[in-house]
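Here come two complexes built around chain A, the first alongside chain B, the second alongside chain C.
Our next item is the complex of A and B:
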């Protein structure tokens, strides 16, 4: 759960190398799980970025924001506008999406961070719902309301036209100097950005700044009597996490150039809280795991339908197969949220530290067993509190 | 510059209809130890709360040297050089002892806010060595990687002492630093505080344990029902009949 050791930068480089290897080989090792298709892997990366950014706020400072989907939405809209007005190149889209979300976070944080605890959560929720409703009403000229913001043939794309790139009959796709933002290349763009984001996030965790954020979570009033003005620290964490969300939102638009207001709804804000808690609040890698697990099950379980289930149980007598299928049918397909809810309840009750706590417990169990059999191996099992 | 490091003038503090402090005047000379004693509910902790900015007084003002403290935020007052240990230890329970002591050291060096989120904690050798030194001073160095919440109450107190000492405050406020400690730990704390006394740090100390008070204090103020009823050297206070009546209750000291 907690990082009580001061870690050397060398260990962190090793950490990054391992993580990069795992992430970049995903198209291979995800195959047996049926998850190696680009759309899903892009989601893993994008929601991974969203979750680690959220963890900088929630995991380090303990401030529970219920409005982070607003930043995701702002990122998406900005990116699509960048595609429409400037260029189909993803770089301006990502930069504008991230920066604008950061500015938006600055404004919301300025008001919300005057309160803490439940009042802070409610304020962020109120702002996000406000943004959601505005996107459907007053801001329709910018957001295109219920239809969602889409690319059209007639878009200006000033930079592209100046560079002599003409759109042919079909709609252009976002690209990084010719590398398309969809399919496997899209996944690698997302993966590269996720790794860069993770590296910055790791540095924040390991910095005096990160330590101070954790001290705020631990005892905020002590921080005051110790000479710290906590507001600017919280503000910085809030804006950074808003920028991460904005980057994630822009990437959603890169992989699918379309932005709708539903991305800002409170359920989307709730999902990121869920992801972070499921993975392990305040742990380094937990939020990434949480994002992976939730997006995986969302895709796999919701793809099941009654026919698939009946076929799966066709070895049973008909009446029994139908019975089993209709009971299980409650938990899959559209009903997969029921499964998610149950899993979430179990996690919160039995593993409040999320998946990471489960992994740490298992690790301790295994290392205790092996150290009793082989004493000399003891030195090879450093504290597991690391991750 | 006045010769007093702490100068409390005409301070009143009311809670609703209750007058917690009335007309408090307190002057503490630089480099001395000033004890505040008095029965429970006399307003001792309230006075410290007014000094550190947790409470705003209804009347009066507090000076640190030539600096006005009244109306400032707690973090500003700390940055001016006032550190405090609380009656119940205020530490960072989720962090290791070493990290607990490093945080105040950062505040001393970097001020109330510093961004620098790409710098590694690992490279902060100076702060870490200083923190280790402080933990050694209070006898907690063997537990430096332990989580603070797992320590005993006495150890938490000593940890809090180390945290404040690392800031080398001009004025150090101690609210019952030995409450709940064993005789052995109390003696160790007295010894530690005496050592700091030699370093010339001004201290204001609230204490019930007369053994502690008389072995440390240069001057004593006696507080009863929100007012200072006596002030003087330990010898004077010990022999003051009003003090005996209000506080010591005729008990032989």
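Our next item is the complex of A and C:
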């Protein structure tokens, strides 16, 4: 997957245009899947940002971080504090959330990047669990522990007060100069930021810097022998991906102004690894697809209950319908993790390159067939290699 | 030049065709759905069934995590309530609650349907699940929760969204205190009431010369319960040796229990719930705490919030332990009997207190809609505020308008020494009358917020 592709900037722009069209029309084409409601689409975008950021580190350098949820959490807490202290406007929240996560990543990266491989993973995992436990216990005055940090009527909101925005009886919602962070408008805010992040990510992929990161993945010692000091590159990649996570975390707070410590738990860190592998490590849009699939499963499958199943199979005779429903019932509702596990296993076994590999294989199948039917038996060596 | 091909190997023409088609689809699809904008129309509300023949309720309970047992029982109760509302089964408490306008033909003639979600006992997941119910399934009411942290978080969301939240099992003072909301209602009792109810019994049983050691679940419920129990026991002359916070879902409490042995305390108060309480109580007994003599007295363990499900989990360790509960299936009044009967027929075992409160909450919401003649939340809220009823298992009950807290009798219970069955684990020591647990509405602060959001 690491072979170099030279793609002209024009094609990248085309790529962006297609992606934007697909993303912005989500409220329409997700309708038949039952996923076209704001909260889930916001999650698609937010975890998309998180996943592409993670892919800069894991996909390009091969450094498997098991503690990225810590940056997500830092971003969320910072954003909520920005809402509480400064303003309900999302801009300061996003900026502070991203920057602070970046600084936090700098500190953790400084220590963790001294090791590689499994030791690096364990170090990051340890730091994330440490942050989680701190947020739960010692830092309760800042994080409000298990209850989670929430907005209150009496928050300072210095900038808002100075600008003469009066708080009415209900709690204020985060907004971008009046555009609310919840509902469909919130989705478009997230979508816009996701597209901007994706563009930056695309540029990183195509840049010489991205090439050096790939070189680290393929053989770090060899790169060292050629005279490159790899540490600064790794550090930059780590901080950038930490900032992406921070941006995602602050967006979580924008769409729902509450920050809880469970966002930093190891399961959350594991989820992002899962998303990236499921979608395709090191591929451009694989992580976005992975985020979509996992969030869809989490929200839609977990909502099925036995009554829904029995209704769905009501065309069968009663005893059979109940039987089918009780078997399928194991895989939906609270059993959705089981389904996710099975899908994950199938993908890792049969498509080690994730969903992207599946798509590429299909594409190759289709394009080979069409070219052979054209009786144009020119060997398609370069194009198959590219895919 | 093949090197410069698009990575997906598509020709530019195909892409242009594709994007033209997408744009076309977008245009045909018409305007983007924008109907969820707040205040777009003054009189519309979320969850409005309109002309639909059914109404949807959202049951948001923990199906995984330390409170999953309670969540499963809550879900059973909700399904039973829906049956009874739709006129199926024997009607349960529909026949005993007075006054009641429900006729067993759904709510306002609309059939009741429901959607479920898993809170995972996490605020984040619970809010995501509640949002799905509101935005996708268009529910008129959300209910559930078996953790006060989750209840407070979901209640806040419901206030913002303008959907009524009928809290399930939540015992923190904050739910209807500091964090109370206009759209949130709680039938369950709270930590302050537990303290007021249990303190006189503790004085009778264990005397005034006691030294207490608290282990507390580290979140809103644990904090307020510790505070309330501490205040109530110090009031009867007890001394508090130490209070230690433990993380939720810790599993192993031995590191917290060992120091108790050397602290000079002679009572251990466990401010834990669900599986946490099962674990901490079992471990405390295994460490031999209850066989010890400290300061010339028997060492005692108290569990201020008790439930049958937990007694079942703790087994022998629960024998003789004192605590309080909201309700118990062995109560002999008409309402409790009717509920226990229909629950037993449906599932083959008696309901827990979590099931009871969730069942009653669903009926109360339905009844308020019926009384208001509409599903518009601000009208329904006005009906629930100050509503007085009887026949739901705890005697005469008042939904106080100032903080949306129900006031009713509280039970002090003890783990039975010789249980007759797997469910007959608690005996009621005392039914503490409502007057003894009442408190002024402004005691815990907080603001309800507006009727219309």
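The rule is simple: the second predicted complex is superposed on the first by the 372 of 387 C-alpha atoms of A that agree within 3 Å, B and C clash if a C-alpha of one lies under 4 Å from a C-alpha of the other, contacts with A are read in each partner's own complex, and residues count from 1 in each chain.
Simple rule for what comes next: a contact is a pair of C-beta atoms (placed from the backbone, for glycine too) under 8 Å apart; a residue touches a chain by one contact, two chains touch by 3 or more.
Model, not experiment: these values are computed from the prediction.
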When the two structures are overlaid on chain A, which partner does A:117 contact: first (chain B), second (chain C), both, or neither?
neither
Tell me the contact category for A:7 with respect to chain B and chain C: first, second, both or neither.
both
Examine A:224 and indicate which partner it touches, taking first as chain B and second as chain C; both and neither are also allowed.
first
Tell me which touches more residues of chain A here: chain C or chain B.
C
Pick one for A:299: touches chain B only (first), chain C only (second), both, or neither.
second
If we overlay the two complexes on their shared chain A, which of chain B and chain C does A:236 touch? Say first, second, both or neither.
first
After lining up the shared chain so the two structures overlap, which partner does A:256 touch, if you call chain B first and chain C second: first, second, both or neither?
second
Of the partners chain B and chain C, which touch A:27 in the superposed model: first, second, both, neither?
second
Contact-wise, after the overlay, does A:203 reach chain B, chain C, both or neither (first, second, both, neither)?
first
Chain A positions within both the chain B interface and the chain C interface are 5-8
Can you list the chain C residues touching chain A in their complex?
2-9, 12, 15, 18-19, 22-23, 25-26, 29, 32-34, 36-38, 63-64, 68, 79, 114-118, 122-125, 127-129, 131-132, 135-136, 148-149, 152-153, 156-157, 159-160, 218-220, 245, 247-248, 447, 449-450, 453
Where on chain B is chain A touching in the complex?
52, 73-75, 78-79, 83-84, 90-96, 98-99, 102-104, 106-108, 110-124, 127-128, 145-147, 163, 167
Under the definition above, what is the set of chain A residues touching chain B in their complex?
2, 4-9, 200, 203-204, 206-212, 214-215, 217-219, 221-230, 232-233, 236, 240
Complex interface listing, chain A residues touching chain C
5-8, 11, 14-15, 17-18, 21-22, 25, 27-29, 34, 36-40, 43, 133, 136-137, 140, 145-148, 150, 153, 168-171, 173, 180, 182-185, 256, 258, 260, 262-263, 284, 299, 302-303, 305, 307, 333-334, 363, 367, 382-383, 386-387
